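What follows is a pair of complexes built around chain A, which joins chain B in one and chain C in the other.
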Partner chain A sequence: MLRRIFSIAANTFRETIRNKILYAILAFALFVIGMTFFLADLSVGDFARIIADVGLASIHIFGVIMAVFLGITLVSNEVERKTIYILLSKPVRRFEFIFGKTLGLSVTLLLTTLAMATVLFLVHFSYRYGGRAEVGIFIASAGIYMELVLLTCLASLFSTFTTPVLSAIFTLSLFLVGHLTKYLYVLGDQSKVEAVRWASRFIFYLLPNLENFNWKNEVAYGGLKSFSILGWAAGYLVAYAACVLCLSCLLFARKDFK
Partner chain B sequence: MIRQGPILSIERLSKSYPTGFWRKPVRVLSDLSCEVHANEIVGFLGPNGAGKTTTIKILNRLAFPDAGKVTLFGGQVRDGADVRRRIGFMPEQPYFYEYLTGGEFLRLCGQLCGMSRADTESRSSELLSRVGLSGARDTAIRKYSKGMMQRLGLAQALLHDPELVILDEPMSGLDPMGRMEVRGIIRDLKAAGKTVFFSSHILSDVEALCDRVIMLHKGRKVAEGRVEELIGAETLYIELVVSPVLPADRLAAAGIPPDAGYAQGALLVLRAADNGQANRWIAGLLREGGTVLSCVPVKKGLEEIFMERVGGSDSTGATS
Partner chain C sequence: MNEASRGAWGWVAAFALLVSIGFSWRLLPSRALPESGREVRERPGLLAAVSRRPEFAFGFRNVLADVAWLEGVQVAGNRKMTRWDYDRLYELLDGVSNFDPKFEIPYLLGGLVLGESPDHAQKALEVFERGKKEYPADWRFPFYMGFTYYFSLGDAVAGGRATAEAARLPGSPAYLPGLASRMLSEAREPEVALSLLASIVRQESDPARRAVLSRRIREVTVERDLQALERAVETYREKMGTVPRDLSDLVRAGILPGIPEEPNGGRYLVEPGGKVRSDRVSQRLRVFQKK
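Moving on, here comes the complex of A and B:
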């Protein structure tokens, strides 16, 4: 089973890294991150902080674009091009296909995030006014990467039953909502109606809480002290992604290919 | 001789596809039952839209029936990996990962089938050579022609040496040479003890290759049987080839009506309705100085049988 999952993952990785649009997005992201070196000179205050702040935001935004762009076509491309006919007629179970595709894309996103984080680290380090080796950039990037993996799982869930355009809309909606769920919890808790409080809590736990992966401010303001927060976030990612992937597999298990 | 149980059994299979939220689903298969036994070549015939591809998709878990049961090697089709290892499948107009080379694609297939690297490499070389693609092993699939894709599709279906080979329109897109090669491969598979189940609407290929045929029309089975049984002993007409072309008055003197045949160069081709009429005409022709070069009973072909069963005018795809 693992061999088949890794074979599909390796093939997906090979497919995505040969995607020219991915390279265009990555090149633009690296350009924007590189430009923060000059942007800091134009701003007032803590110049190195500006670099970390804008750079991490760039990694986040471009990472989300890559995850959504590649994730929404993860399954639908295989169906449209009918390549899935060959794969599923082999001794491959449908959940192995979903796991392999998601794993392959996650590896691609790991490399692109690592490339962006490394460039940001070097820019930050080489900045002449207050630049320093800020390991926090990699910790915050790890958080961004975990968020991208979760978005990939959500995008692949949507791509099992709907069109790429709708998948993109659903995934981006969850991305936005996922960064605002704590407000839903707080607002719900202020209600005097018990049912509203319970409903808001239910929705809070049901929707992905992407703020669990957000340490950009802590890095920019120097408040990130420990790697231990990675462990908790990784646990949340594994639990939530497992649920999403199980749902994808259930929906995909009985899908007819016309 | 004790006959083994079928390796593929389809029982009362039905399938509909939804056509929209409000519209009625379209039924593409109705109550289809058939069997395939070991070491047979079985042709699955029908015009476009008859339900051949849907049936083949169900056999390969790419679609699920509304009702009915498919049993492969004695187990249900959903039994999974162990059963799949014994089946090779080539879809109609196969599509591959265009960024891979032919060799890389077969390596991927080998990994998915649980083959060792060494086995995959040796089988790939053997099969690419067999299908005439050994020179294109390291060429990106995006540069392959339609015929090359079809050949690669055949190679991947046979890579793991399956017992049952299911081919959906294997001759489609091939030139005459390619069709002949594929026919040769299918015959070789039978000689090696394999079972082949293939769909086609090219009746001449089916007639030349198959032990048995199953005819489908509008999702229903319209005929099933051994090719020689279906073609049967029924003679359509008896064709006489005569030399030289006799003038109308001498044909009339021989008892042959003017519309009984046609001239083909220096030969006269006549069609007698039965043996008795053929004998009478031969006697008359000899009397009038003609020479009968050949006398051949022409039997029904699959094409005639097929057109009879599906009603002729409403079939759209049965050709050649």
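Moving on, here comes the complex of A and C:
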């Protein structure tokens, strides 16, 4: 089973890494990150912070674009090109296909995030006013990567039952909502009605909480106070991603390709 | 596509670009060029609206704080700051602190620039106050507040008190107690200055700094005594219609129980005009001395 998942993952990785759109987005992202070197000069004081903030925001934005636009075509491309019939006629189970596809794209995203984080690290390090080797850039990028993996899972879930355009809309909506769920929790807690409080908490836990992976602020102020937060966030990612992938497998298993 | 047609397309593209440059050049004078965007009165807009609800920054709070700060730097860099520029700067600083309350530089530099305008000095104090709340151990916030009170609002009492607060914080420069005591003495609050100096001397372990502070205590004591004696001289003048010839006249008239001792070992003297001075101290304690 694992061998089949890995071979689908390897194939997906090869396929996505050859995607010209991915290179265009990556090149633009690297250009923007490089430009932070000059942008920081516009500030007065805290120059290196501007590089770290803008660079991490670029990694985040371009990473989300990559995750969403590659994620939504994970399944639909195979259906469109009718390669899904060949794949599923072989001894490959449908859940292996979903897991393999998501894993392959996650590896691609790992490489692109690492490339962007490395360039940002070098720009930050080489900056003449207060530049230093800021390991926090990699820690914050790890958080961004976790978020991208979760978004990939969500995109693949939507791509199992709807069109790529709708999948993109749904995934981007969940990206926005995922950064607001804490607000929902706080608002619900202000209600005097017990049922509303419980309902808001339920929705809070049901929706992805992407702020769990947001450590950019900690990097700007000298790193994380405790590394245990990384472990908790990774645990959350594994559990939530497993839930989303299982749901994808369920929907994909019921899909009729005749 | 053969070689010749590829070359033709290239020439057509270059020609089209040249034509577009011609049109752009022709259109240039018909559109007013903004002078670095200065005369464009931008409204606070989306950035300010989002800053009031920073949750809607969708995980990009830091970078939005940077954007607001960089815009603030551009506004503050204007050579001739107008009232509108100061208002705009305050809005942007407000946005920065909403997005990222821990961003330190905007409080300090933005507050200082705002403090240049007497109409915006209160807003500068608000900015410093917010910074002080985030960094209570940083002496620079109360120090700059003291600076703004004294120079922009002309309030030596509040200035002295804020500077005294800064002087008590760790890492503050050695000159701060002296500056605070000068401000407080000038504000006719020498007792506050003395208690500040006494508390700092108690914490001070360096003998050289202790000696400087002790000298300053003597100067403030002289200032306190001079102020008390001048008030007594004024009372004497109101009562007797003339200035006392000697300070002992104040005691004889029952205005003072006794003449205070000059802490430098000298004497207090009354001048014909009613001014009181010490024979050991040539200048009164002021932030700025008259030359």
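Please note the rule applied: the second predicted complex is superposed on the first by the 253 of 258 C-alpha atoms of A that agree within 3 Å, B and C clash if a C-alpha of one lies under 4 Å from a C-alpha of the other, contacts with A are read in each partner's own complex, and residues count from 1 in each chain.
Here is the rule we use: contacts are C-beta pairs under 8 Å (C-beta built on N, C-alpha and C of every residue); 3 or more make two chains touch, one makes a residue touch a chain.
Computed from a predicted model, the values in this text were never measured in an experiment.
Trainee: Name the contact category of A:Arg3: first (chain B only), second (chain C only), both, or neither.
Mentor: first
Trainee: First (chain B), second (chain C), both or neither: which does A:Lys192 touch?
Mentor: After superposition on chain A, A:Lys192 lies in contact with neither partner.
Trainee: Between chain B (first) and chain C (second), which, if any, makes contact with A:Asp53: first, second, both or neither?
Mentor: Second partner only.
Trainee: Regarding the shared-chain residue A:Tyr85, is it in contact with chain B (first), chain C (second), both, or neither?
Mentor: Touch status of A:Tyr85: first partner only.
Trainee: I'd like to know which partner A:Glu211 touches here: chain B for first, chain C for second, both or neither.
Mentor: It touches chain C, and chain B stays clear.
Trainee: Which partner does A:Arg14 contact after superposing on A: first (chain B), second (chain C), both, neither?
Mentor: first
Trainee: Both chain B and chain C contact which residues of chain A?
Mentor: None.
Trainee: What residues on chain A touch chain C, complex-wise?
Mentor: 39, 42-46, 49-50, 53-54, 56-57, 60, 175-176, 179-180, 182-183, 210-211, 214, 216-217, 220-221
Trainee: In their shared complex, at which residues does chain C touch chain A?
Mentor: Interface residues on chain C, with respect to chain A: 55-63, 65-66, 69-70, 73-74, 76, 100, 102-105, 108-109.
Trainee: Flag every residue of chain A that touches chain B in the complex, lowest number first.
Mentor: 3-4, 7-8, 11, 14-15, 18, 81-93, 254, 256-258
Trainee: Where on chain B is chain A touching in the complex?
Mentor: That would be residues 17, 57, 60-64, 80-82, 84-85, 87, 89, 91, 93-97, 99-100, 108-109, 111-114, 153, 156 of chain B.
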